[in-house]
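Heads up: the structure comes next, in structure tokens.
Chain nomenclature is as follows: A, B, C, D, E and F, assigned in order of appearance, with residue numbering initiated at 1 for each chain independently.
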């Protein structure tokens, strides 16, 4: 079993600060700046390594993986509704969160690969950006099926497509791709590549603070969400690893696809669901995704998805 | 209090996103002065809105406006149909304006 | 002013750290609307509090509350014993609420 | 409302840059309490001032002051000659102060 | 024609975010922090490479180029007044903007040279800092000629000299010069040199957002300002390139002088003009300099000034 | 005498900006972000180099040095009370400030050693973090001896132990130590080590601004505090250097211990004293420690402590 990355220690530090009621506070402007940096950097890194592929060769594979991502909320929804006894709106909203992805979990996955000197396909980042769309749309449809009142589809699609996350990641991919093509990655990499891990560490510190504040929100449905928040990503990750191997990705890429399927959103999805399903309670979905699944994934999930990837690649 | 003019003080709380629209409305009516503060939080009929929630940036703006009674009535008339869309509230009270060189009311 | 309801306007200034407690208290009483602003500075019986002092983050919060007279009296009664611990001040004045679709008071 | 003292509520809006000067003036007069909020925007006789314009940091400060009538008159007298230099406005209204342990007025 | 630098892609990204009404926002504190960084870094880089010259050798040349910069507003003023039909105040204020310089355009110029592995004289940055003075003073004199009311010269000079831009750039030059002399550039360069391009990229993102918001302000005088905002910097840049070659600068330095003459201010000049010529409308001058000339310069101008510099150096 | 580090030039720049009433302002969020960075970085650097020691070997030495730190406020108190004619509360509070340490002075000391290619023991940072405790507790006891009203010991200890400074430094030490043990320092060092000096430079700029604003606060007791603020750290530093040599530290480590004893707090101590001794006037203690002792230490003190360390090591 590979060693745990030091960077995730910052998440524990943040949780501790919350638990011990330390007066540590991350300025809001810093939190936002770090997330802008990470989104661009993730996109940029992906774009640079995408410059090595013929874009047309990978597009069909990438798109299939994106479309298949709609299966995740479709699976999550009945579980949440039947077993979890959530309302239709809440079930749909939580399903959308789990179908969507977490850029920071993705980043921790990349850091993990870096630590063990492995790589993954650059276009994984594009898949990540695009996966939001089927997940959020499916989640919304499920939440609103048969409900009265019209869904603000226009506003929702605008929010999804021009929301900070997708916008900056896709922008980063394009600039990184261009930089890779014209061989001018050089001075930008000092910032977006070399500092990636350091910036991620500060961001995880804040994530820890947030997670410890959010956990209390899920108290009522705590036991169910604890089980769901661990077993569901494991299952989704298993499916992702299977798909990755089936599509012939590298072992690193297979793991990253498992991470994408397993991770769930706590930035883009809450913003979208607020518009699409305002009657859902955001405290529950954020509490589960940030308080349970996110820490599970970065500490335990990522190494497991790596083992899954190796196993599937051995089988395949 | 000497050297003061009797006026109305209006206090409007709306979604911060709607502030520009409100200001445009006030200018149309011919209001010549107002003060606003952003990043206010609050509780209202649509639930609570908090400026420091990192996930939802739902904040209110508070606008204060001193004007003569006829203007105040005009503002109320213009505002009432919009209150639904804007959300929020509008309070009116009596006040005195201390006369100075400028008369931005 | 037509289409308005006579109400009380309360204005409370307390330590920002105590805001959550104050809000909990208000909710208990059954208050249905309020607006607050953080990062206020001021001078009071405990000396001056400044939002921009880099060494001491002592800031106040200002909370504004429009409600009917009985609620106002309830708030005063609940607040008075706490004022010592909360610090700060509480002012009350008359105001009129412009009727709109929502009635968060 | 029982257990309250009748007072004057003053509300002053000035350039944020002038706030220190205003506070010094108030202290000279012997004012024992006030609350201020920075980063306010507004429209007045000198045009509009916006806290979020990245090129021009023109912001106002809003200062609220509860005091007894004689003090209020003193503040007005001291403030009026300065209003030109300070810019802004000064409103006065009636209010009641909820008695508590501290009497910072 | 050399390739466009990837870094300017971030400007496009910002413009797009504005046009598509993305919810992307750069926190104000980040914007200010980035500009503090860039100003120090530009000064520091310049100071370090100035340490290689005998300061007394270059001072006379540098000063002449600064003094000659007063010609730019003197030329712009009659064009704006006669052809553009602007008021005297507006003409003077816009002239001051175009006589003044843009540190970010300068930075893009440096990035361009870095991309093609060329260098320029370190003292260009000192020229940039000093050029503000004659430009803003001349612009003010023009705007206030025969106007009633006294000009607040004291306040204006204080604003110019202690304004954040000049103060940080000159401070950076002095510290960089000292560091170069005592050979202790080392650990500071990891920040102020290595990260320069990355920080610039984030700043350009915000510039794009601002530019797209500002363009609407010039609608009334749009066609005139569009033509002026492109032809004037081309002419001024041509004059700068001529001067650079005449003074015997390197090709890179010649280009940078052209950039200085061609670029126009949207940070220092607005602040100064607000004090000196309050009756001028800042929306127009900022709209023209940020909405038209700045993007023109960073995309099209810089490569053209490079060609001009090569041409003049060939001739000279 | 070794050359002055360029980085401290930024402190002068900040002071100048204050004196010249420049409109330069460091956004509050940047100031806070920089201090979060520096605290983590100091801890992380220390932790990484601690990974080279057997922790049990150094613990007794480290703890003795921490306990002996209580001597500093005990010495300062009578001087302040008798010679300085301060009230008991003020004397205790100022004593606590001078017994406590300044992480930024420590950082300047590290930068100094880096400049002359020397190193120090990594566990110095742990000593720094722990030294706050005896200093603040002793200062509080002195200030409150015989005073009526109860001391809020619980609140005070919570403030000291979970206050941002100690929390982040100790957190950084642990993560750095772990990273050192598992040999995964690599990508985090790009941020927390390489950028250390650059971030410090920006922080010193703000310190200069603050110091120039704070100096005016000590006007009444100015002459006494000026003498005290220089002679006391020199004496404490001498004692620290003696101890360091006696405990067998390296020359660099000996100097750093002198720096710890000589430096005084203007972040952690004010926060703690506000709770423990609310009747003390913070303007005086912050004015003396930030306006007098901090600049003295970073410009003149640090090189002197280096000479002291060399001298003691020669003797020892």
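We adopt the following convention: a residue touches a chain if its C-beta (ideal position, glycine included) is under 8 Å from a C-beta of that chain, and two chains touch if they have at least 3 such contacts.
Nothing here was measured: the structure is a model prediction, and the numbers come from that model.
J.: Taking a step as a move to a touching chain, how many steps at least join chain E to chain F?
T.: The fewest steps needed to get from chain E to chain F is 1.
J.: Among all the other chains, which ones are in touch with both chain C and chain F?
T.: Common contact partners of chain C and chain F, which must touch each of the two, are absent.
J.: Taking a step as a move to a touching chain, how many steps at least join chain D to chain F?
T.: Steps on the shortest route: 2.
J.: Name whichever of A-F and A-B has more C-beta pairs touching across its two chains.
T.: Greater number of contacting C-beta pairs: A-F.
J.: Which chain has its C-alpha centre farthest away from the C-alpha centre of chain D?
T.: A
J.: Just the number, please: Cα centre separation of chain A and chain D in whole Å.
T.: Centre separation, chain A to chain D: 49 Å.
J.: Counting in whole Å, what is the centre-to-centre distance of chain A and chain C, each centre being its mean C-alpha position?
T.: Roughly 41 Å, centre to centre.
J.: Taking the mean of the CA coordinates per chain, how far is chain B from chain D in Å?
T.: Between these chains, centre-to-centre, one finds 18 Å.
J.: Quick one: which residues in chain A touch 2 or more of the other chains?
T.: 27-30, 33, 195, 271 - these are the residues of chain A that touch more than one other chain.
J.: Multi-chain contacts in chain B: which residues touch at least two other chains?
T.: Residue numbers touching two or more other chains: 37, 52, 93-94.
J.: What is the complete set of touching chain pairs?
T.: Every pair of chains meeting the touch criterion: A-B, A-E, A-F, B-C, B-D, C-D, C-F, D-E, E-F.
J.: Can you tell me which positions in chain F touch chain E when the two form their complex?
T.: 3, 5-7, 9-10, 13, 16-17, 20-30, 33, 111, 114-115, 194-199, 201-202
J.: Tell me, which parts of chain A touch chain E in their complex?
T.: 27-30, 32-33, 36-37, 40, 158-159, 162-164, 167-168, 171, 174-176, 178-179, 182, 184-185, 187-188, 190-192, 195, 271
J.: Sort out for me which residues of chain F touch chain C in the complex.
T.: 28, 31, 210, 266-267, 270-271, 274, 282, 286
J.: Across the complex, what residues on chain C touch chain F?
T.: 52, 54-56
J.: Inside the complex, what are the residues of chain B that reach chain D?
T.: Going by the criterion above, the answer is residues 1, 3-4, 7, 9, 23, 27, 31-38, 64, 66, 93-105.
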